[in-house]
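Okay, so chain A shows up in both of these, paired with chain B first and chain C after.
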Partner chain A sequence: MTDLAQLILSGVALGMIYALLAFGYNITYSTSRTINFAQGEFLMLGALTGLTCDVRLRLGYLGALAGAALVGAALGVLLERVAIRPALRTGSTVAWVLATVALAIVARNAAERIWGTDDTLFPAPLGSDPLQIGGVRVLPQELLVIAAAAVIMLLVEAFRRWSLWGRAVTAVAADKDAAALVGINVPVVIVASFVLSSAIAAVSGVLVAPLTLAGPTMGILLGTKAYAVAIVGGLQSGVGVVVGGLLIGLCEQLTARYISTGYKDTPGFVLLILILLIKPSGLFGRRSIEKV
Partner chain B sequence: MARFLSIWRRSRLPLLVALCFCVPFVTSNEYYVHSVLSKVCIYTIVIAGLDLVVGYSGDVSVGHAGLFAAGAYTTAILVWRLALPYPLAVLAGIAMGALFGLLLGVPALRLSGPYLAVATIAFGLIVQTFVNEAVWLTNGSQGIRDIPPLVWGRLSFEGNNFYFLVYPLMVLSLLAVHRLARSYWGRAFEALRENTVAAECSGVSRYRYKLGAFILSAALAGLGGGLFVHIDNYIGPPTFSEQLSILFLIALIFGGTRSIAGNVLGTFLVIVLPDVFNPVTDYQLMIFGGLLLFTLYFVPQGLAGLLGAVGRRLLAGRFGEPPAAAAPVPAGDAVAVHRARPTAGGALLETQGLTVAFGGLVAVSALDLHLEPGRVHALIGPNGSGKSTTVNLLSGLYRPTAGAIRFAGREIGRLPPDRVSRLGIARTFQNVALFGDMSVLDNVLIGLHHSFGGGLLHVLLGSGRARREETAARARAQALLEFVGLGGLGGERARSLPYGKQRLLEIARALAQDPALILLDEPAAGLTSAEIAAVDGLIGKLRGLGIGILLIEHHMDLVMSISDQVTVLDFGQCIAAGKPSEVQRDERVIAAYLGAAAPAAPGAPGVVHA
Partner chain C sequence: MSELRARSPWAIVFLAGAALLVAAGCGPKASAPAAEPIRIGVYGPFTGGSSPMGLSMRDGVRLATDEVNARGGVLGRKIELVERDDQATNERGAQVMQDLISNQHVVAVLGPINTGVALASYKYPMAAKVPLLINVSAGAPVNELFKDNPDNYVFRIAASDNIQAGMIVGEAVDKRGIQKVAFLCDDTNYGQNGCAKMQEAMDSRKLKPVYVGKFKIKDTDMTPQLEEARAGGAQALLVYGIGPELAQIANGQQKLGYKVPMIGSWTLSMSNFIDAAGPNGEGATMPETFIQIGDHSEKAKKFIADYQKKYGVERIPSAVSAAQGYDSLYLITAAIAQAGSTDGPKIKAALEDLTQPYDGVIASFKKPFSATDHEAIHAAEVVMGVVHGGEVHPPEK
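Entry: the complex of A and B
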């Protein structure tokens, strides 16, 4: 029983990281109908930047988070400029998918050159000794991940709903032309959405790295699973990504425990295909009607 | 000189193909022939297939390495474990690729958007996990080593001879892709990419052709995989990583999409460049990524397009190329413009209580329409009264919330737009929806999509039937262009036509579908009065052909002069119906247009501006 409780907790922690990344897809998809195929690489760059800030520059874990957020924000601007804006101008899906994929391999290669190809241990800020809670052994970092992810998502959601800026984002998501007509600077809103999304990805890198390891390849699987989460939950739904993230995180832990660790990465992708077959708009998505 | 040039032009390609076949006779360097050229041939097969998806259909697959792996592992396992003959094993590899293409495409292509890209990335990772983990089948990370050499008696395809197997297969694959791309299939791919809604409303099934492109592409990846097994007589999991999928995409974009020369060129460079960049091999991915970005935005037509443009410019000065031969098309008179459909007597289209609601907003409410063949039925009303929504309902783009649509005795309310088009309802769009980068003639040919009965095999084999159908369709498309007054413009790009002519082209495309009913959504919007007169005349001619017409229009002079019947909508509800003269006098109509408080103006409400 405690064994299962432990699995569930690790599943939830992992699921929250997926949810956080998918939440980032959610933000950019709503404003620009694109998602960043380099999101996993941004997570990785965030983790490695954090590692440098924390260990090399001795800025501590908070310094690592701040450094990652800054680098993430800068990457967001770069991404929007280099990959998204030109593609939106040509109106071609192929262009933005390929441009973000190109950025992903450039980012991975750059990280290898800067930080080396090896995986490094990321010191856990709250220590790596498990806590005993009712007989269940819990890593403090897992609790930190769950709490931090929840706080970030709640803050962003509150910002989206109740601040003027957030409403501008919602307006752009609903109708770009109408938003522009009432005086919203649509290009700026789109840039802002990429800045936010990329900063969140980079911060989640610093959150997850103490649980995994930090290295140039850490982003591939995490990023890909987050696509699965985003689509399973519904590309436009904030609740959906949390439920999707938790669902996939749990399925993975259960697969690893009861089937084989080798296959622990597959349930997310199986769920993805199933959802596309059964309810392609996602668990919490609504079918949108395109105006002709 | 001219004669020499024409012979040269016709024979240069076969000559080049034959010359390339002879390379191993010239150099016997094992590295260049076997490791480079044979690999180029195999990858080119995969990339030409990928072009069907990315270049023609406009979707992205980031999982072709997974399909490639499926072909390779199927082939290798069959010859190694079951000692199946190699050709059979390769066929099984192709089938396995196609099967996975089907399994992936069916769910992922239902919606447009990034779904295929995401699903294929996931698929690629699953395949990699599987070949690593299923040791009992794939030998896991060890890979499969003991693949028997390709020797039958004295015939050996080992070493440099392997090229004599893969090169012809590459040529055949490229020929197949070329034929497909130049056929109505290729046109359907392009139309769907340019404007999905317009293509569907012209009778092209989005799902069928997107899926078709993806499955064919997957089958070619399977073939490539089956051949790849013999590059080293060894396969192992690291080869089939996500990076290989990306490499395929880079080769495709770099060489140039929708071009066979581009496919070959791009593949060649991607395989050879790492050797060139050997000193900076640690930065290889950065260089490739940078190249991809650069090509995407600065050389979108790719290297082949660039070289082609440069070559044409150089040659033009020297020889003066003959004008691009517009295929000679027989005179329009001989070809029937419209083939009437046998229709049962009575109403052509009837709606009963037709209602659609978007959330809480009821856009069309309990609408009853009754349209007859050979008559013009106008649907008018202020902006936002539900006219275009009605057209979208009738053409299958929206599903009614309640009520029935009966067309020629058949309930069509739940049919998708391409089926509706095939049953005989064609439409035009309020905001002109043409395939802008395709030629004017090709736009009409998309409307004639239904006239092609020869299936995929006919196209791939270049059968007589496929050619006859193409010739007949071209002749009819030309006749249709002449019918609407665009006879000499078939070779222009649709985008470059003036606005008024674009509207006429839409009507030609609609007429090409042999409709019994045409829905014209504001055909005169934005036109000059001379152009409006042309549209007016054209509508009369359509009626003369016995076609029923539903006309949405704000130009009241046009509506009142041409319509047999008028229905007036306001807030989604029918507020008046009858002959034009009756409707003009209706108090509620005048109130809807001019406001209730206004004095009832005599005569027509006049032109109402949007």
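Entry: the complex of A and C
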């Protein structure tokens, strides 16, 4: 029984990481109908920036989080300027996909030049001695990831629902032209959504790095998994990405343990294909009705 | 079209400039034919998770090359290295090998690190009759190739997986008396080949592993594999993979409080295993041809000191790769000198019958190869190293 509880716990921790990244996809998709395929690389850049702040500059873990958030926000502005805005202006649907993928490659190569190609240990702020809860052993960092991811997502959801700015974002998501007519500065809202989404990705890098090691290739798999999570949960739903994340995280761990480690990633992606076939807008996505 | 036309004057200027540069560059070289260097190819992963091995190997080869060139080179010619990054990917390995042989016209090739890369690329030197001296890859086929290629151009100066897997199982079963073991291997050619070889070693002892688990490169959570090994009652983990993932296994053991010995491939000596596992990697045991710490011959002491001085490091990132890289360059130059030629078949014949013994860093080589045995390293030259206090130590006597 403790065996199962142990797996569920590590599945939840894994799922929350996926959910946090997928939440970034959700934020930009709701305002601009685009997503950033370099999200995984932004996580990696956040982790490595954090490592520099924490270990090299001795700013501590909070300094690392702040440094990563700043770099993430700056990357968000850059991304929107060079990859998203030109594509939206020309109305191209493929240009932003290719541009963000290209940015991901540039980011990875740049990171290899700056930080080297090796995976390095990120010191865990709460120590690496596991806590014992019942028969289950859990790393303090895993609890931190779960808690921090939940807090970040709750705050953003609250902001979106109850603040004036948040309502502007929702308005842009609903109808760009109508939002502009009532005086909302649509381009600024879109930039803000990219800043927020990229900063969250960078901060999640600092959160997960003590568990995963930090290195230039750490973002590739996470970015892909998070994309699957966003599709399964529904790109437009904040709740959806959490459920999707937990579902895929748990699926992976349980398959690896009870079926075969060789099939670990299979159920998640089978789920992805099934959802695309049966409910393309995702488990929690509302079907959007396009009025022409 | 109009854009092209507008640019063409600049294109002409550019081409003219380039032509001048080429002419200037080639002029002096052509007038001194005796100094034409001997080109030797070096390929390995200089980026990614295997890069500590690739870079150490390359730096070992460079160190030996500088020494040989300082003494006037070989056959009165300097040695020039042509280095290529295979990025540890199989298709890239095949590409760079074709480039080395067809475009760069190297007379011999040293490398690679990764089993898959070796598998994807050994055919080209074989067909072109250019010797390939494998200096790190443990899983690449060497003597196995004689069956289909009687004229075999592949040699190895590294402990093969046959030797390593046998020693790993021997350490657990024969030396420590542990009968219940679990295998954890990565899903690359390297890990799966090692897994199969360990299986053979277990079969020969009439034993079976209690669990055989797999993981992928970049997997960070090993909880399911470790839980299943523990549920099976495994008292030792026999692992095959590369540094970062092996470190995650050690870290997972600490998290789950599953403290059983970890014995595995020589990659447990990689800096990125030792650093990323930290105290959790303590006691990890692996077969090694060369350990930086401990008693050494004068030659090996000088090698370590020179390496540290030249590259400004205290600990060699992968000492085995560096030492084997160094020795591989000396063996190939010895063969070229003996052959008196850079002709592939003649170098191969010389390698198979080296008359001068070479006192190397990892071993003292007397006729390391023969026409039927292209493996320079045998079980006698390999010892079990242990990770202790962030460094690999030789076995206790």
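The rule is simple: the second predicted complex is superposed on the first by the 285 of 292 C-alpha atoms of A that agree within 3 Å, B and C clash if a C-alpha of one lies under 4 Å from a C-alpha of the other, contacts with A are read in each partner's own complex, and residues count from 1 in each chain.
Keep in mind that, in the parts below, a residue touches a chain if its C-beta (ideal position, glycine included) is under 8 Å from a C-beta of that chain, and two chains touch if they have at least 3 such contacts.
Just so it is clear, the model here is predicted, and its values are computed rather than measured.
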First, second, both or neither for A:L221, with chain B first and chain C second: both
Which of chain B and chain C A:L211 touches, first, second, both or neither: second
Contacts of A:A201 with chain B and chain C, given as first, second, both or neither: neither
Chain B versus chain C as contact partner of A:A19, first or second or both or neither: neither
Chain touching more of chain A, residue-wise (chain B, chain C): B
Which superposed partner A:T93 touches (first chain B, second chain C, both, neither): first
Partner chain(s) touched by A:S128 [first = chain B, second = chain C, both, neither]: second
Which superposed partner A:V241 touches (first chain B, second chain C, both, neither): neither
Which superposed partner A:F269 touches (first chain B, second chain C, both, neither): first
Partner chain(s) touched by A:R33 [first = chain B, second = chain C, both, neither]: first
Common interface residues of chain A - those touching chain B in one complex and chain C in the other: 112, 220-221, 260, 262, 265
Chain A partner contacts - residues on chain C that touch it in the complex: 46-49, 51-52, 187, 213-216, 218, 220-221, 223-225, 227-228, 231, 243-244, 247-248, 251, 254-257, 271-272, 275-276, 278
In the complex with chain A, residue positions of chain B that touch it: 54, 58-60, 62, 103-104, 106-108, 110-115, 117-119, 121-123, 125-126, 129, 132-133, 197, 242-243, 246, 249-250, 253, 282-286, 288-290, 292-293, 296-297, 300, 358, 388, 392, 397-398, 429-430, 433
Touching residues on chain A, where the partner in the complex is chain B: 33-35, 37, 82-83, 86-87, 90, 92-95, 97-99, 101-106, 108-110, 112-113, 220-221, 224, 227-228, 231, 235, 260, 262-263, 265-266, 268-270, 272-273, 276-277, 280-281, 289-290, 292
Chain C-facing residues of chain A, complex: 3, 6-7, 10, 14, 112, 117-121, 128, 130, 137-139, 211-213, 215, 217-218, 220-221, 253-254, 256-257, 260-262, 264-265
